[in-house]
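Before I ask anything, here is the structure I am working with.
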C-alpha cells in the first residue's frame, strides 16, 4: 500500500507572516508533518498551489482532479480548505476515478496551538488505506460521503447534509 | 458509529515531573487530546492504570481484555506502550471478541516537541471505524495484524514479523 | 521587588478564532504565560482592553498612563502591539512617573509556533527590575529609550532612531 | 553591548531520545532558541559538553570558569542544570572576573510543553545587560547573588539562602 498526499492549502497549511502580521501561505508544512508522523508506508507528497478554499476556482479544482487522475497511487489524501471541501468533492466524485480519495483539513492551522491538523491527517491516512474506492470528507473523527456532508459554520464542525 | 478509547499509559501519555526531574505518569493527556481532535463521533474514554508497557503483567493485560469484552462499542482504540503491543495483541486476539480493536501509541510523548502521538491517535480512530473485526497494531501510518508485527528497536519503527 | 504586568493586546496576545477563521482577541494568554514562567516575584496582572496597536487611540494611551500612575509597583511591564510602542512610550515618558516602565510585545503571537513572546516577556521582567526609572522599549533582546527607537517594518526588528 | 551564551546542558537542553526512550543530551537547542528570540544584540554562542548538573565535576566547573575568563564579552549567560548552580556560582564568584555572569536554566526542558526555558533565557539576557559585574542566579523571574541562593527541591523553586 502506498499513499499520495496532495497539498492544496487551506487552514491546515496557513503560516503566520511576521512581517505582514497575518496568516497566509508560505512553504507547506507537509514535509515536516509527514516526517513527524514517522510514516513507513510510502507517501508521495505533491504540492499544488496553496489556496484559501474560498478562493478556489473551477480551474483549481480541475487541477486537483488531474492530479488524482494521474496518481499512480490509488489511495489519495487531499489537504484542503474546509469551506469548499464539498465542491471539490463533487468534481472528484463525478469523475468516478476508482480510487479512494479523502479530503481533509483543519479548523486551526498546524502551526497554532491546539490544532487538529495532525489528528486529521492521521485519520485521513488511515481511512485512505481501508475504505473502498470513492470520494470522502474526513473531519471531526468521522467519514462522510462527498455528497452527504456540510460544514456547520456556526458550530465549526462537519455533519451529514 | 461510536468509539471506546482505552488509556493504558505508554510513551504516548508520559508526563515530565518537574520536581522529580523525570518522565512518568500523571493525569492522562487523553481528555485534552480528544477535545483537541474535535471528534464529533461519540468517543467514550476509559482510563486504566497508566503503565510503562515493559512493566505490564498478565493481570494488566487481563484487565485490558476485560474492558474490551465489556465495551458497548465495537470499535476500540487502545493507547499502549510500544514495547509490548504484540503481547497484549495476542491476549486480545486469542479472545476472539468480534470487535475492531486497534493498539496504538507513540515514539515520542504527546507533550514533547515533534511527537507522533496525535497523528497516531487520528490514524487509529480512522481505521477503528473502517476495518473488519479483529485485533490490529496501528503505528507509522500502517496497519498490522496482531500476529504479524514487531517493533524494530534499533530503527524505532514497526514492521511485519 | 514586585512587578505589575499590563496586558493591552498586540500581536503577543492574538488568538486564532476557529469559527471566524482569523486572528483576533479572546481571553488574554497572560495568566497562563505567567504561570508557565514560574515567577516567584510578586506579579500583579492588570488586563486593559486588548487592542491591535494600530487601532489604539489617545484615550487608550491615557488609560495605560492612568494604570501606570496608579500602580503600587514601581516596576511595570506593558504587553503592547509593536506598531505604536513609540507613541505610547512618548505619552508615558512625558508623564515622568518615576517608575521603571518596559514596553514589550512579540513579532509572532504567543500561541503560534516559534513565537518570541515568552522570551520577550522574560527579558522585560528582568530589565524592569534592574533599570533605573524611565520608559523603555525591550524587543529583540535589546533595551531602547522610548525616544530613541523605531520599528523597521521591512526587517521586522527594532532599532535606534 | 554584546553577549556570550554558554551552553553547559542541564534540564533546559535535555532531548528525548526516541530510540532509547529517555531524556538525555543531543544537539543543543540553543541555536534554534536564539534564532527564535530574534535577538539583534550580538550573541556569541559557545557550547561546552552538555551535562546533567548533578554529574558536573570540578574539572567541568573549571572549564566553565576558563570560558568566562576568556570571554571577550563582559555580559555572559550560562545555561546550567538547576541542581548545582550554586556550586558553579561559587567557583565563578570567587574568581572575581569583573564580568556580569548570569546562571540560568529550566525546570522543564525546552522541548517539553509548558517549559520555562525560553522565559528564563529572556530574563537572563536582560539582566546580563543591566546588572553590575558579579555572579548571579536568575530563576523564577528573580535575581539572586551566587552566595545567597538555594534550590528548594520540594517546591521546585529558587529562594534566598
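Think of it as A, B, C and D in the order they're written, each chain with its own count starting at 1.
Operating definition for what follows: contacts are C-beta pairs under 8 Å (C-beta built on N, C-alpha and C of every residue); 3 or more make two chains touch, one makes a residue touch a chain.
Protein identities per chain, from UniProt: A, B, C, D = Asparaginase domain-containing protein.
Every value quoted in this text rests on a predicted model; they were computed, and no experiment measured them.
Centroid distances built from C-alpha atoms place C farthest away from chain B. The distance from the centre of chain C to the centre of chain D, each centre being the mean of the chain's C-alpha atoms, comes to 25 Å. Averaged C-alpha coordinates put the centre of chain B at 38 Å from the centre of chain D.
For chain D, residues that reach two or more other chains under the stated contact definition are 107, 114, 156.
Contacts between chains, counted with the stated touch criterion, involve the pairs A-B, A-C, B-D, C-D. Within the complex formed with chain B, the chain D residues making contact are 11, 16, 18-19, 21-23, 107-109, 111-114, 153-154, 156. Chain C contributes residues 1, 3, 36-41, 43, 107, 114-116, 118-127, 129-131, 138, 140-143, 156-159 to its touches with chain D in the complex.
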